[in-house]
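Would you mind keeping the following structure in view while I ask a few things?
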């Protein structure tokens, strides 16, 4: 990274970097540092999950028995997200193949990359649409977070005078303090909601990449934007890989 | 240390301050030096606001009988805490001094991501606006710790405060990852990790904590906001949540964050103590390593804030044991600094006085941590004024005196002006004495069992609280004197030479004030940061 | 630090498709297992094991950690390490809270709250409709 | 550094820590003093070296030579290893004391502590159905506290016993202590207030406001019970004169921030000799306020006001606490949060006791007052208690 041997500075190289290699590796390092904080952020949600599971383990089993979350929808979403991850990876690969000096080959690869990016964005939208159907169904039956939970088949007892929720109501009006569906659905909405938000942001940046590619940007020595968005997108996928079984599958 | 110094003179005309004109050229600059200056001004003004709340609190406690209403007092100490922690102490040294000095020390043109750097400043401003709004909206009375269930149910404007802290967290995260990338990728040729100035080692350790711990407080605050909004019942026992779980979430960040505050201070002291005793730092690797060690161990001691919170007694014992582990690297640092003075040529200038003051204050802060880390004695001292005094000695005293030392140290480089040495020394001593007068009585009051966050107290604590308040007012005045010193220097100060203290780190190798892109040509790092010419290398007793 | 014009390492397509295939298969496995109705803990262990394998595949090939600079790998592992600390210590607390002090159990107090409370009839659970989806 | 001198003095004459009044305290104090002196020694050593170097090696001329010293491994090892031994010693001492304080003796007397904004209530499930507003305990017998909060986090702190523990809303927490002596702080005591409440909360003459009297009510209860007992057992070792009854008094603080009146969430520990304690228990079990305050309804009302905890939030002297003061309340015009107005007549006061949220006075927090406080008056005494309180309020003009 020394500046002794002078060489041309391409327009996309920032003034404070000596070489593209330095710029790209810095960008990638910065992105990984960002992914680290993303992981730690989600770890809080997973810790909340562990704690709730520790206190109200029965509830999670009961949710499965009552089949309150649609496994088919969750499964489809998983497949969709994995596929989008593949297309994203392939898009990055295409970017890596674009030669620095413009020619037919560079155009070809850039076009492939754009297509793959758009496909990724579309798949992400499919994921969101399916999520929308899941949410609206829960809104309909009333399996909502905390105070708003009002699911008739599995009601919880609210103490009007103090606003406390004491536990689920069993047959004969017995109150079961160790059953807390309202907290389960708090977790469900907070975790999938946060993840969904990341998907929405992902769609945005991926389309932004496609736009830049259309403007003829990116080549094999200047593709760290694509690579970093790729990393981000894979992380979103990574989170879902854990979220899906924890929410939809385990007893 | 560098070959670039020759080039300093002929560019003396233009520098980063006068290169561009107009307010926009500041608010939209990507120049790390200007961003650092803007951070410093904002942080100092918020320190003023937080300080005013502190004065309000001390005024209330002058006398046992209440003058403010309970609610106003509770809001005062909450805002004092929240502003000081989230707006002042966390960004104090990394964002202001760090931003200005780090690339210069590395011999780089800028940080790795200049735009991101500006963005994190704007995020900081946005977050601070939320806290200002909280002020306008009647304040918040939860204490800066936001413990549930109180914070989930009180009728003050908690949400805006939480949102503010949440946003500020991201400012700190982005600064952290920016510095990590910069230190890894932008070091000048020849600057190996072993030639890295210790200030940068400290900033490096700090940045690691920032990206690893801050996201957890972010998610905690989000969950708490949702708790208030939807009543999700994860932290609120009324809905089946667990308040102790919240404390785990909170302290997993909020203990490491005290190292985000203090580690850069350590770094500053390592620089000022060597440069003013014209001597190589004692045990370079030990100090560098202990920074990283403190950062790492600091992550597994958070439970010592919760010995009495109803967490598992067994876990409390484990946390207590690990906590003592942090004492060792800290002791190593202090001993090494003092050993650095041995047979040096020590200047008695303003910066050095602040450095000595720091060592005194931090030693007290560190040592009083021991009875708090010990289970049985913490049972008695927890949540009393002993704790208040302890964390003011470490967090506030340590950080503030190091920050002032750093500002004086790099003042000529930042402004191109010198300040009045005599006045500087007098104010330094004034600040030091009044500071101790403020907090030593609190140790005594606390040991006698005065709980914290009391807006009125029993007669037997009267004398200690009175002394403390007097000290606090004096300390406030002394800080205004320091501010006056700086303003005077800006208006009347004589022009600063390129390298007033004879420093060897690269920031002294460029013009004063630095030019826009820091260096005329890429400096090459040839020797270590502390190989001062005065060192008599033929001296028989050498290293090891 | 290679030369500035060094071509990036391009992973062959076959590997991407191979990884993708594995991920899909593993997804089928984990869903399949959930229909076996394993006991609670076991089902969690299996699900997490499968998920971890999938995560490894994604991180190693899709995220190119296998050809990335060492420090990025360390960063990734460090994040996992600290998440581990967070989880282990906190869970240890949850699990060992009422082990020393009698009566500090999680539910006694809440049970005491609901003693003698009988929910009014109109709040009792209604008969389940057929499958909710 | 006069202050430091002062601190050492304080240590010398045992005033630096509060009185050690429980069996656990002495052990804790030893640990504390061990750590304290370690700190003092290290501090003096470090600062001494620092100041010596700073003075001895003050720069004399610009380019004087300095020692070429990059480090010294043995030295570094010494100051890394040596302190660790002391640290481990500290941990072990602290841990032993902590274990002792954590595991209560099986035979300990069980007392339930109920914390709520902003006062403490103590119940004696094994001795009867009565509750007390101060923690009355027998001397030199282990007492186990089972603590629960009704609203937010509180923390039960008795400095003289070196004990403290958070009080949670969703779980019982437990701590225990055993007193060593009966110590009643007197006026002029060096580090103690003989007052157990705030300067503006002085008890009125002959007040039965349990909140601020220095155990007076307990002494009276014991004395009167003693008189009763002596009738059929003259040999009983007890005094019928309240002033002759010896008690120990210790301050209780709340140390977990819990809102507006956090600093007023105080109580006392009243230590009685085992004999007197039994008498007190008897007096509480068959305590009949109607008999005690025969013919003085307003005094009865004041008693109920203390028992139900009204006085924690409503002053009787015009001071504004969490709730409106009762001074001059009777028949006054009230302005409510919803803009409506009304007169403070009997109906209004009764409604405010039964349904506090029905009419909230302007400028005071809604939901600040718990409902059904009249239950505290005792079975079948609710209405009588309300009437008594109304009479009491009438007298506060």
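Should a chain be cited, it is by its letter among A, B, C and D, assigned in written order, with residues numbered from 1 in that chain.
Quick note on the criterion: a contact is a pair of C-beta atoms (placed from the backbone, for glycine too) under 8 Å apart; a residue touches a chain by one contact, two chains touch by 3 or more.
None of these values were measured; they are calculated from a predicted model.
K.L.:
Tally the contacting C-beta pairs at the A-B interface and at the C-D interface, and name the larger one.
P.N.:
Pair with the higher count of C-beta contacts: A-B.
K.L.:
What chain sits nearest the middle when you go by CA atom centres?
P.N.:
When every chain is reduced to its C-alpha mean, the one closest to the whole-protein mean is B.
K.L.:
Based on CA centres, what chain would you say lies at the far end from subunit C?
P.N.:
Farthest from subunit C by mean C-alpha position: D.
K.L.:
Taking each chain's centre as its mean C-alpha position, how far apart are subunit B and subunit D in Å?
P.N.:
Centres of subunit B and subunit D (C-alpha means) sit 37 Å apart.
K.L.:
Give, as an integer number of Å, the spacing between the C-alpha centres of subunit D and subunit C.
P.N.:
46
K.L.:
Distance-wise, how many Å sit between the C-alpha centres of subunit A and subunit D, to the nearest whole number?
P.N.:
Using C-alpha averages as centres, the distance is 51 Å.
K.L.:
Enumerate the residues of subunit B that touch no fewer than two other chains.
P.N.:
184, 212, 216, 238, 240-242, 244-245, 248, 310, 313, in rising order.
K.L.:
Among the residues of subunit D, which are close enough to touch at least two other chains?
P.N.:
102, 168-171, 173
K.L.:
Residue numbers in subunit C touching 2 or more other chains?
P.N.:
71, 78-79, 82, 86, 90, 94-95, 97, 100-101, 104, 106, 110
K.L.:
On the basis of the stated criterion, which chains touch which? Give every pair.
P.N.:
Pairs of chains that touch one another: A-B, A-C, B-C, B-D, C-D.
K.L.:
If we count contacts the way the header does, which residues on subunit B are in touch with subunit A in the complex?
P.N.:
108-110, 112-114, 116, 173, 176-178, 180-182, 184-186, 189, 211-216, 218-220, 222-223, 226-227, 230-234, 238-242, 245, 248-249, 517, 521-522, 524
K.L.:
Within their complex, state which residues of subunit B touch subunit C.
P.N.:
184, 208, 212, 216, 240, 242, 244-245, 248, 252, 299-300, 302-303, 310-315, 318-319
K.L.:
Quick one: in the complex, what on subunit C touches subunit B?
P.N.:
Residue positions touching the partner: 71, 78-79, 82, 85-86, 89-90, 92-97, 99-101, 104, 106, 110.
K.L.:
For subunit A, which residues count as touching subunit B in their complex?
P.N.:
Interface residues on the subunit A side: 1-3, 14-16, 18, 22, 25-27, 29-30, 33-34, 36-45, 47-48, 51-52, 55-56, 145-148, 162-165, 167, 177, 180, 182-183, 186-187, 190, 194.
K.L.:
Which subunit D residues qualify as touching subunit B in the complex?
P.N.:
Per the stated touch rule, the residues are 1, 3-4, 7, 10, 16-18, 27-28, 31-32, 35-36, 38-39, 42-43, 46-47, 49-50, 53-54, 57-60, 63-73, 75-76, 79-80, 83-84, 87-88, 90-91, 93-98, 101-102, 151-153, 155, 157, 159-160, 162-166, 168-171, 173, 191-193, 195-200, 251, 253-264, 320, 365.
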